[in-house]
């Protein structure tokens, strides 16, 4: 839902859904890009507070946003990423791409 | 588990499981009857506090205990029965057999 | 006699699954969780979820204990076929077990052939109470098919029928 | 060539289910909930549950989007067969889609033929990471079978193999 997307200064904050699979990912990417383009945000923050499941499709969403914004110097951040999601990011080699924000 | 079965005076109190289907019912009836016989209890109290699912097998458990104890003047009671379980009991015509205890 | 399998018009079907599982009592819970997961995208109410799970639990339990005589063999199979046409759920539970001699009698509330297993005789009555429609096809020695329909969620009852 | 179907020794099988569903993306969640419900009686740890759900989600997603080209047709079918031998889970995900030209290459981490769909190329890598064993059988134009094994819960790894 759109209340899960908030622009604060130069940051797009996305409250990720409970389950992030291919079905959900398509929708997240589409919405995120609409904000990135229309509000000209430079950075994206993924909030995993609610997330209880993620597969490699979620990795694709993060990588895809990174590719869109990194050429303009933007960064991607992950907040509330539990040990499971950290492990998926590590396995995918995203440790140098996603900045993990400790809570 | 056996901590779900307690004898207090002449009452066997059974904490019913989260899901009461045929698979579970066989076990409940067996355990209950062991207590009824060995401790000579006259009445049975079914506590549905934890129960989120019940099908007609649960009706069979209640009826079965009723048949075992009613000839000696015993009664069966239901506590913490939510609207769903009340509806199942009503549909099965158990309203005159089971005493619903309000909490 | 009513044909149990007919040619399907896939233009109306929005989702479908066919599940086959061993006739063992662990799978009673499995089957109702599977149907619950299948209808989850329709955003069913809690009551609709309970209704469907109860009806499926009754039909699957019957297949396992009556159809296959409660013998717990992994090679005895129960089928559960689910289909969505918009917001209409169709569930079919099929066994190749002993079948039912007199379906009308079997469907009477409180009628059971297994009082010694503490069956209450309320299985078919619950299926009727909690689903919108119930059909039972059975033949002795051939098996039993229970077919049930229910409208889920907020959609309207729009099944084209010719 | 390795045979995908072989004669089964049912003495070792403690439970089995075969699920067939439409290749639509709603069923990614459905398939992983179904496998979770199937292994529930083994009392899996939360980590084991996540591992199995992730691996199944990868395999089923691949069948839907790569095997059947993401076209969302209800008549395209994915099969998921699950079997328990004691505490060993076997999951097989089968599609009759386009198949894979070079399986070894497909299994390399980060390799994907669909960067335009933002696939990360980590699907097979996750299946390998989260399951104990992974086998992939595929033939162009015939389809793909992914078979995975994992020991669940506290039991020991006791599969007789001849």
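Here are a few things to note about the model shown:
Each chain carries a letter (A, B, C and D) given by its place in the written order, and its residues are counted from 1.
Methods note: a contact is a pair of C-beta atoms (placed from the backbone, for glycine too) under 8 Å apart; a residue touches a chain by one contact, two chains touch by 3 or more.
Bear in mind that the values here come from a model prediction, so they are computed numbers and not experimental data.
With steps allowed only between chains in touch, the distance from chain A over to chain D comes to 1.
Farthest chain from chain D (centres taken as the mean of C-alpha atoms): B. Centroids of chain A and chain C (each the mean of its C-alpha atoms) stand 42 Å apart. Here the spacing of chain B and chain C, counted between their Cα centres, is 27 Å.
Chain A and chain B have centres, each the mean of its CA atoms, that are 50 Å apart.
In chain D, the positions touching at least two other chains are 26, 29.
Within chain A, no positions touching two or more other chains are listed.
Chains touching one another form the pairs A-D, B-C, C-D.
Across the complex, chain D meets chain C through its residues 10, 13-22, 24, 26-27, 29-30, 33-34, 37-38, 40-41, 74-75. Touching chain D in their complex are the following residues of chain A: 19, 21-23, 25-26, 29, 53-57, 59-61, 63-64, 84, 88, 91-93. Put simply, chain D touches chain A in their complex at residues 25-26, 28-29, 32, 47, 50, 53-54, 57-58, 61, 64-65, 109-110, 117-123, 125-126, 129.
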